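The structures considered in this document are given below.
Note that chain A is present in both complexes that follow, paired respectively with chain B and with chain C.
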Partner chain A sequence: MSVASVPFSFGRLGLIAGNTFLEAVRQKLFNFLLLLAVGLVASAQFFREFNFGSSELKFIADFGFGALIFFGSALTIATTAQLFFSEIENRTALTLLAKPLWRAEFVFGKFLGVFAVIGVFCALTIGLMIALLWHREGQLMVINPDDFANGRLIAYGDLLIVGLLQWLKFGVLTAIVLLIASFSNTNLFTVVTGFFVLVICHLQYLARDQWSNVDNVLLAGTVRVLSLVFPNFQLFNLADEIGQGAGVSGEVALRVAGYGVAYIAVIGGLAVYSFRNREI
Partner chain B sequence: MRFDPAALRPFRTGAIVLLGLLGAGIALRPLEAPAWTEVRAKQPALRLDSLKDALGQGVTVGLLGGFRAIVADLFWIRTNALWEKYDLPGTQTSIKLVTAIDPRPLYFWLNGSRMIAYDMPNWRIDKAGGYDVVPDAAKRRFDEEQSSIAIKFLEGALGFHPENPLLVLEIGNIHLNRLKDVETASRYYLRASRHPDAPYYAARIYAELLRRLDRKRDAYDFLKSLHPTLPKNDEMAQARVVLDRIRELEGELSIPEDARYRE
Partner chain C sequence: MSQPVSAISIKGLTKDFSVTLRGVKLRAVDALNLEVAEGQVYGLLGPNGSGKSTTIKIILGLLDATVGDVRVFGVPANQVEARRNVGYLPEAPYFYRYLSGRELVRFYARVCGVPKASLKARVDEVIAWVGLSGAADRRVGTYSKGMLQRIGLAQALVHDPKLIVLDEPTAGVDPVGSAEMCELIVKLKQQGKTVLITSHLLAQIEDVCDRVAILDRGKLIVEGSVLELVGQRDRQALIVDPLPAADLEALRGWLAARGHSLNSVEQPRARLDQLFLSKVSRPGRPGGGSGGVGSNEVPLDAKP
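So, the complex of A and B:
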């Protein structure tokens, strides 16, 4: 039976996603990075003596999001590459794809499995950060009641929104790593390229800034094209707005979420197209 | 040798992927642009002029990873270690690096500018032979040069914290205490006092500076307009002190009894 003779199945996609999720949570890497991130967030209160610039609560939030973004990015890239190539290297991909299974089901199954793992990571890290901030804010409210005359300072809903947006960003990163893996021959190449793309996506807005100041038309055009090819990851970074002014704007958060979901769909689709053209 | 069209397949795939990404970038611009404008307006640290000083200093991963606050704090500790050694170029560079990494906290800008304007002229005098040896003209030149660097640094801070009264006051303080330029200092105090979050003392000191400039009538008029705006039960507002100064000025200006300020 050929793939063309069976319709696309969410059941099969779900099976691959579930299997990928189980495989990922059994990995030492996931547990190690999760432990490191959770340890770092929990230790934020011991680092608060280092806090010179911002308020103590802002510092703990910054520190927590730092751990989330840093370890989340590392986990996303390493896990996606490892799980994809383990199928290729163990030849299980050959067995799977010899059956009536769409490559789209395989790629999006892998995506959903990793996305779920990253979701667990984000939920645990954000949950711990919220608990820590809530506890410390409660202590400070007793020590300095005048500073909290209008109630709690931290908008905990904003923390959840920013955490959700970071999760979506990791989703875009997962799709990018899958796209790279779809044509790459080695795990190492995928991981290294994934990290480079992460840096580029975070800094691409600087290229746009420079582009507006460049006189050379050819160079300006090249920079502009490059800035359009890579998604803008800095857009997802709304953590700075927590506890400032009106906080995180709902409209901006929705736009950023839409941007993330659209990119996941497009890059995921391109990964499927590229994987279909690959000889396994 | 026969040409195999299949050999071009990877290039075709790559080109289609790139075109797909470019198309997505163009199609999603209308969704991204308004959100990006708003995100950026609220995050001064995202500017190129801020980041270009920080990039390449081994802190890129920290910045990308979101550890902006902790990286800046660690560099601030390094700044203080250099400051203790009277390392002028090192301290100055490190101060700029800290504010490039995290321009949000006023603490770094204020304390950094104080190191530059108040401590560094003394280091330069010590290095040139000490207070007894260095001529007054050279001392003055050191003060002017360091003050100019500090003022430029604080003006840079105003780019990140527009019209922040504490930064404006700090510029005024340098003009007043280091450059002994009361006239310019008074303009900064006035500018700071007009901000709704300005500390009460900004307006009081402005009036005092007007007195020192022998503009007693202006000081009197200013204090008269200031006094009714001060809350009576806020100790920081010092409404009583302001009233006392109004009375002193009325005496000095020989204001007739019937024309005097009434509470």
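So, the complex of A and C:
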């Protein structure tokens, strides 16, 4: 008996993403972390007397990016795991996957929903940081006009690029947590493993730097493979280049973005493959 | 001439689960063969752990069979296409609490590909059909168990599937809610739908099912029509007005003269659930009348 096939649908994927987004923004955790991050960024102006030798404006920017990275990472891991396991534990996944829906649509829908949530978080945090910097720079331009003879010093476009790259990095982290969740049995295991992988991804450049110094061929090969398996999150951190020389290079930013998208595609594909075989 | 395709065809289904890391297997379903014809209400019975839910999950493509062939309207159950014509109400359903009933049904309708042009009408129609129009804009988190079952049935029916799978649809629901669910199942049968139902409430199964299968430890123990299985074809019951003792003796003699025997004389009893339903008020039926399904019901012959 011939039956019309059910093609992969971006419409269904969007529905899952929209529902995931709605569920996330109604969670207390999202609102709590968002408030904390926004509060921390906003409080940077009160710490400007303790700027540890950095220029005041750079201190506000570093403080803001620090809050973005810390709370963004926590939010990404916790939200992804929570939203995935709420579907499994509450058995809403049973109802959903009993519909004519591909599991790839479910996994990528979850990914896009979380990615959108993190996007809102990043936009609000970066937006507030830029507003603060703009406001303070304006004040300093009045107080010390000689320092701003050539206009504003801060490259706000670079701030946006770095913010976008951090968002993309959180996208890679979302895909990693989804991959873990696709075979994990508990939310806790997923969250703990997600944090371990986050640390590895932030520190893996150390292994990458060392493989040429390792004499043992087998060990060197293993280190090299591991450094490819885990994405290098330090690549996304271009905040230090803001205000240095020509600022953030557009070419470098594009290459880093391509690197992130490639990892999202590969890890997301692995998550779909793993989830396809999962018994609900 | 080609044979009609069964709604569900299960041939030699076996399902093993690994229960330890060393690979020890638990056999949940053992060499099961079943055919559910289109238009039937089919009851899948068995104690806890008998393999009912596992069988249903395999039919829905949520689990893969270890061995065997499972088809839904001729399509292998593990293909997404097989679920195009299936509606599913899970046991003790839990839905997105933050959505209203209408939003929930609308969400599932869109997942199932109900055309946008007819989406609103279809959602309203199916919500009315399960009797929840008055509560459609309340958040699902505020629903009672009976209402959750009904909104669950609405989401299962919203894309007008030919097969509806109901896993313990009356679990945890009071007798009124159970009776209403049974009425909805009868209505589905009248519309020509195929219904596969599991339940521990055997009296209800007996009332609504055409055929039943009883599973135990994953194996099929008994299968057949309800009448075949529980009817006593070699006996008949006559319900008459109360007879005086003398008339009863005369009747006994009359039967004996014709080679028949009067085996027992009993006082007929109403079922307790029927008594309960006749006494308590039901939504839309104050005082326990008979009629529709809920406070916002549409006529029984309404098609979703």
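As a working rule, the second predicted complex is superposed on the first by the 275 of 280 C-alpha atoms of A that agree within 3 Å, B and C clash if a C-alpha of one lies under 4 Å from a C-alpha of the other, contacts with A are read in each partner's own complex, and residues count from 1 in each chain.
By our rule, contacts are C-beta pairs under 8 Å (C-beta built on N, C-alpha and C of every residue); 3 or more make two chains touch, one makes a residue touch a chain.
Being a predicted model, the structure only gives us computed values, none of them experimental.
Once both complexes are superposed on chain A, the partners chain B and chain C fit side by side without clashing.
In the superposition on chain A, A:102 contacts chain C only, with no contact to chain B.
After overlaying the two complexes on the shared chain, residue contacts for A:135 are found with neither chain B nor chain C.
In the superposition on chain A, A:22 contacts chain C only, with no contact to chain B. Of the two partner chains placed by superposition, only chain C is touched by A:90; chain B is not.
Set side by side, chain B and chain C differ in how many residues of chain A they touch, and the one touching more is B.
Of the two partner chains, chain B is the only one that A:259 touches; chain C does not reach it. Look at A:59: by the touch rule set out above, it reaches chain B but stays clear of chain C. After the superposition on chain A, the angle chain B-chain A-chain C between C-alpha centres rounds to 160°, nearest 10. No C-alpha atom of chain B lies closer than 6 Å to one of chain C in the superposed arrangement. Residues common to the contacts of chain A with chain B and with chain C across the two structures: 277. Contact residues of chain A toward chain B in the complex are 47, 50-54, 58-59, 62-63, 65-66, 68-70, 73, 179, 183, 198-199, 202-203, 205-206, 209-210, 225, 227-232, 234-235, 237-241, 244-245, 249, 251-252, 255-256, 258-259, 262-263, 266-267, 269-270, 273-274, 277.
Interface residues of chain A, counted against chain C in their complex, comprise 1, 3-6, 9, 11-12, 15-16, 19, 22-23, 26, 90-92, 94-102, 277, 279-280.
For chain B in complex with chain A, the residues that touch the partner chain are 9-10, 13-14, 16-18, 20-22, 24-29, 31-32, 34-36, 38-40, 42-43, 45-46, 48, 51, 60-62, 64-70, 72-74, 76-77, 102, 104-105, 107-108. Only residues 5, 57, 60-64, 73-75, 80-84, 86, 88, 90, 92-96, 98, 107-108, 110-113, 152, 155, 165 of chain C touch chain A when the two sit together in their complex.
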